[in-house]
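The following block contains the structure, expressed as structure tokens.
Naming follows writing order (A, B, C and D), and every chain is counted from residue 1.
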Amino acid sequence: MSIDAIALEMRDITKSFPGVRALEAVSFDCAHGEVHAICGENGAGKSTLIKVLGGIYQPDAGSILIEGKPAAFSHPVEARRAGISIIHQELSLLPHRTVAENIYLGLEPTRGGRLDRKAMMEGARRLLGRLGSPISADARAGDLAIAEQQTVEIAKALALDARILVMDEPTAALDDTNAKRLLDLVARLRSEGVAIVYVSHRMPEIAAIADRVTIMKDGRKVETAPIGAMPTDRIVRLMVGRELSDYYPARPDTPPGDVLLEIAGGGNAELADIDLSVRAGEIVGIAGLEGSGKAALARAIFGDQPFTRGTVRFLGAPIDLRHPRAGIEAGIGFLSDDRKREGCLLQQSLRDNLLLVRRAFASPVRGSRAGTLADGEADTMMRRLDVRAAHFGQAIGALSGGNQQKVILGRWLARDPRLLVFCEPTRGIDVAAKAAIYQLMRDVAARGRGVVMVSSDLPEVIGVSDRILVMHQGRIAGECSPEVGEEGVMALAVGHRPAPLDVAREGALA
Amino acid sequence: MTLADTLPASRRTRRSLPVPLLLFLASAVLYVGAALYTGQLNQLGASGLVGLAQRMVGLGIVALGQTFVILAGSIDLSVANLISVSAVLASFVMQGDPAMIAPAVLLVLVVSAAVGFVNGGVVAKLGVNPLIATLGVGLILQGLLSASFNNFAGSVPEAFQGLAYGTIGIIPWSVLALLALAIIGALLLRSTRFGAHLYATGGNMDGARLAGIRTDRITILAHVICSLMAGLTGLYLASRLRSGAPWVGRDGVYDLESIAVVVIGGTLLSGGRGGVWGTLAGVLLFATLDAVFNMLGVPAFPKQVMRGAIVILAVAAYAIRNKGPVA
Amino acid sequence: MSVAAAGEPKWNGGMSLFRKINIAVIVFVILYAGIAILQPNYLEPAGITNFLRRATPLAVLACGQIFVLVAGGFDLSMGALVTLTVIGGSMLTDNDPGNTAWAILVLYAIGLGVGLVNGLVVTVLRVPSIIATLGMLLSLNGVAMMWSGGSPRGYLPDNFRFFGRFTFRDVPLVGSFPVAVVVLVVVALAAWWGLQKTVFGKRVFAIGDNPRAAALSGVRVEATRIAAFVISALAAVTGGILLGGFGGVSVDVGSGLELQAIAACVIGGVQLMGGRGSVIGAVAGALTLFALFTLLNLLGLPQPLKDTAQGVILISAVASGAWRRRRAG
Amino acid sequence: MRRLLLGVVAAAATLAFAGVASAQNFDDPKEFDAAKQLLEMKPEGPAGKPWEQHLGGKEVDTAKYKKPGPYHICFSNAGVNNPWRVVGWTDMQAQVDMLKGDIASFTHADAEGKDDKQISDINAFVSSGKCDILIVSPNTTAALTPAVEAACKALPVVVFDRGVLTECPVTFVNPIGGYGWGIQTANFIAEKLPKGGKVLALRILPGVDVLETRWSAANRIFKEKGIEVVGAEFTDGDNAKTKAIVEDYINRFGKIDAIWMDAGATAVAAIEAFEDAGQPYPIITGEDQEDFLVKWKKEGLTAFGPTYPTYQWRSPVIAAVKILKGEPVIGPTWKLPQPVITQETLDKYVDEKMPPLHYAMCGCEDMPGYPEKWGGKK
């Protein structure tokens, strides 16, 4: 394959946010007809780099050259005009609009000043066909499954017919078949001379498709090298910056205690036939692809999206988890995977965030300190959690993800539930904070509490869990021990192991 | 906002209710029922129905404009004041002189557009909450206007009164104008890039920005359209009332009523979904209520109570299906 | 990133003190200085207490409205409830001082009912509060008129009017001291305590900031929201009792007060759509607004320019707040 | 954007000046003189029934409207948005009851103070074909003129209170009006005021013609007599605001000797401001609202109660029935007498059993349902 002219060059890009240096003098380039993969852990700065390229953030320092010419983007529209198309990790579809309208958002074809709906529909169908997707172009985006929405996002990027295509974890929500199809498409685009920046956590994909790899860590570029010089284990080592073994806390020798939670035949619109038990002192990992029902399972255990079928026993007694409050009252805690929308009270102080759960159950008319924790205690707790902030009266919104997560974890520790459900506990968190969170989870378990950890991050699931349940299509596809490794878990997750019959997620497509 | 917020847990496909049609049917049933009940069969004849349509014009035009800003995720509380401004401006500039019609109309439209531009700019560029921004601009307008004029100012020439009183056959011009504006509005929303971008701005501001849409400009343009519609309402009122007074907009409660009919018409208060036909159906419901209350001879005070309850229930009828947090 | 903190930053110069003081307080002091220059008797104790007395109803309304605003909603029905209170007060007392006590109880019960309905319409029927309370505004105006047949049927007895009108004479130091100012202090302290010093208040902030996070943490979002509307309605009744006491019966005392109360809060730094605000700010905002009205009256500016000035102050208060926040990141 | 803002402000400022120049003429010497003449006239008509009396005027022939009864009367009301209109509306309904034998139905539409709605209401009445005659109480004069003109073509019309700019109604009933009010009140103050006394004028709001003319006439007399008016302030009809303004004036001038009001709604609040400030009561002109009259009697004020009598709501119903019977009525303008309440006649009008915002000059004492229908107690 011939790598011709450099399509994109970013030089010494630096970007800071209050309290965080997200990028520090990062340089990066990509040629026409090249797939340049960026690897790095969450929080390594990949997404920030892409947002700078897309004109969403303006860099504090550094320059961008497109086709050798300097460019500065103050608005996404300018990046698009420069021929850059980005598939963002965060979905940005309009739920009330049709697929075709979403695909052509900002690029609507017109004829004589009027929207050419026919062209939009046809174009949308063509693009979806190219992606091999059966999605109807006039369906409302809000009615689609997450994976389907991801497909629409990709179609949206393709519609721009860009010379530079940036894909931020495009296969995260796709099953194997669709992921394979996407990789074929990437290869085709490459042969058409498109410069492709490809961000992914999936090592096999990178090995299969990338021409060069850039490793990022803690906002810096670690290394750029051709894929031939980068075997997967080296990539991982560079990403993590140390051996995986000392990254995860040691597992205890003691066997787990009594059964805390027992679910039999649990099901709802997204789940079916869930049989599951969690014991005191153990960490149960739940893995699965996006849309496999692992997030739904966590929410069902907590009572946010309750089971409609089956029985749940907690601490030996039957319990009706119809509402989060019921779950909390029984002694279950829940850390959402969406810290911003479901976790933080962004404008409130660290103390107020920490005390939220305690306050939800305190007497309302007593002083805000009564029945909760004194400010001093809250502060002590945050110091113990090693929350780093200017002061604890500061609004939580200004903190980095890791520190936010520690405060929210503290919110639950302040109530000390018997069972804690973690959803993607380290999403968007830097490495140091990750290790700290893992240790905290282990500490919780060591105190005789049960921990359920739902995560899309396979190494994390394997590194932290005592045993692993793998979800596939709304059911538990199987249970395995961490020793089976990533391949073993993945095999279950994609349904390669003889899966229990062919089940549709009931109601999901109704 | 992400899709996750708007998607119910159990992603049941919920088709949106055909709000415009339901409102239209409800209005028709109410109106015909009241006419039959009171034996005022004349109200079912052409002149009765034309009268009903005529009741829609003033609120209808301004509500069309309000639809645009609400779709964009903003809101406009200054329309009532702007209506007064444009009505007064029109009749003051015209002073009964037919030659001044064109300059007066032009001036009104320019001033309206400028007010819309300021509204949109304060919202989009200064980041002021649209309720406060437009409330403030409305207060400023009202103050300047009332300081300058304290009664009906000037008058409109006979020719200009044709706007409100002229007819084609038996159908008044103004009703046709409302219909035409609604069709233009619907076309704008459905068949132009601006329309698509407006829905995107109101539905998912960040997503729209990522798609390369200049959401600031869209917001400002929506406000300009809304203000122009308020300006047109002012012109219509000046024509219908023969003159403009600094209180015509406020007395008409066009600010709150236009918001109410837009929301009753199925447009989301947070933006991104809805359209002009729903709004027009909401206006029809309000006009029908006026007519029906008159036919039934409902006293003024119970009428107020019922209207308040109807506003709440009409919105509740479909809002109750909404699962997201409401404040 | 800085190191783990030991606590609040210590005083580091005048700038931080300046930033800590609510901007409405500063604007108020400037406006009041202007008033005092035009009419020096506003600096005498009696002048000050008299000013406070007049501003009390608005400040009380702001103290109620802030709960709904911080919870992320609006209460547009306040003004109509003030009117209903005054008219209802005259209907219930029927000019008999013996009726005052239970009449006031009934009025608060009505307020409780109105607040509950507002809250239930928002939480159960899921109608956005701006529409819900707008509907309530229309209905309450109608109810007040229906009840009285269009015009109040009785006078408000003197003991009903005590809170809004009576002034203690010959009080040491200040000379005269209106009862309304006592009410203001009590209400403001209660609101401050309730919103900023209780668990309940913290929940109000939580549901205004992020209702979803609050619900997932076990906060009863609906109940808290309903309570906020109830508090707002009870404040409106209090405001009505004060206004009726100060001025006697009339039929449109309350019109427009809801927007003034919201404006007062906003000037005082309360954030629309919830999550941020302080009672001190709301009271200072009310005093600022009232000082502005007074100043414009004293300046003899044309009456309507009062609206204009109010609009300018509103927009600049919010714009400067948005600007300061954006700069702070 | 800043430039645009400036442009808008500049345009508005220009208009502000233009506006002052264009203000409608509320100070018409001719009208002033006409009112003066009317005040001196002796009312004709049945004694003790001022709503059937008239000041001058001629009878118009109504034979062409003659119809067999009973009649369907329709009434387009501007609104019942203030106590004065509420009392009047009650008067009107009672008058309809009194003429039950002649009236088969009485349908009304309330425009809620909206011109636009009232135009539609009138059109709906005309197109309903159910009205034998239409009574209109216009919300504003100019705006309702076209609708009334259109109605005149279809059926007889009676207008009262505010007028319309057309002579097409069979008759337009109203009292002497604002100039008369201004003359009566200002003369009273001129007579009672000590030399060099200070007068504070309290007005409701600007721009309403009936109120503007009251002020212009009064101000003309104050000027003629060299009386110092220390201020003219708008109260919005708001009690709290009235008190605040009066307090400020008392503070600023030390003493205010007289209060002139263009409407009495907030008279008691103004008086209370003097009480609260520990000042002696001023000379005051209010209106015929009961709360003012009661206060006047209780405190022995030097006061004066001009009226814009609510009994004028009775006359149009009487006229309507007469017209449909073909009996002549006074027209095209029918001026009603505009009595005042003085110290001498005070006792006749004070009635503690009536509600505070009741207008004593309602002419309703002999009507069925009095006083309960008006909110009073027996």
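The definition used in the following text is that contacts are C-beta pairs under 8 Å (C-beta built on N, C-alpha and C of every residue); 3 or more make two chains touch, one makes a residue touch a chain.
Please read all numbers here as calculations on a predicted model, not as lab measurements.
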Chains in simultaneous contact with chain A and chain C: B
Chain of greatest Cα-centre distance to chain B: A
Pair of chains joined by more contacts [C-beta pairs], C-D or B-C: B-C
Distance from chain C to chain B - Cα centre to Cα centre, in angstrom: 30
Centroid distance [mean C-alpha coordinates] between chain D and chain C, Å: 35
Length of the line joining the C-alpha centres of chain A and chain D, rounded to whole Å: 72
Chain A-chain B separation of Cα centroids, rounded to whole Å: 43
Multi-partner residues of chain B (each touching 2 or more other chains): 144-147, 300-301, 303
Touching two or more other chains - residue numbers and ranges from chain A: 341
For chain C, residues that touch 2 or more chains besides their own: 145, 150, 212, 215, 303
Those chain pairs that satisfy the touch definition: A-B, A-C, B-C, B-D, C-D
Complex interface listing, chain C residues touching chain A: 1-9, 196-203, 205-206, 209-210, 212-220, 271, 275-276, 329
Interfacial residue positions of chain D with respect to chain C in the complex: 80, 82-83, 85-87, 89-90, 206, 233-234, 237-240, 242-245, 247-248, 251-252, 265-266, 268-269, 272, 276, 291, 355-358, 375
Of chain C, residues touching chain B in the complex: 71-74, 121-132, 134-143, 145-146, 150, 207-208, 211-212, 215, 221, 225, 259, 263, 266, 272-274, 302-312, 314-315, 318-319, 322-323, 326
List of chain B residues in touch with chain A within their complex: 2-7, 9-13, 16, 187, 190-193, 195-197, 199-200, 203-204, 206-214, 268, 272-273
Chain D-facing residues of chain B, complex: 40, 42-43, 45, 47-48, 50-51, 54-55, 58, 89, 92, 111, 114-115, 117-118, 121, 125, 144-155, 161, 165, 237, 240-243, 245-248, 251-253, 290-291, 294, 297, 299-301, 303
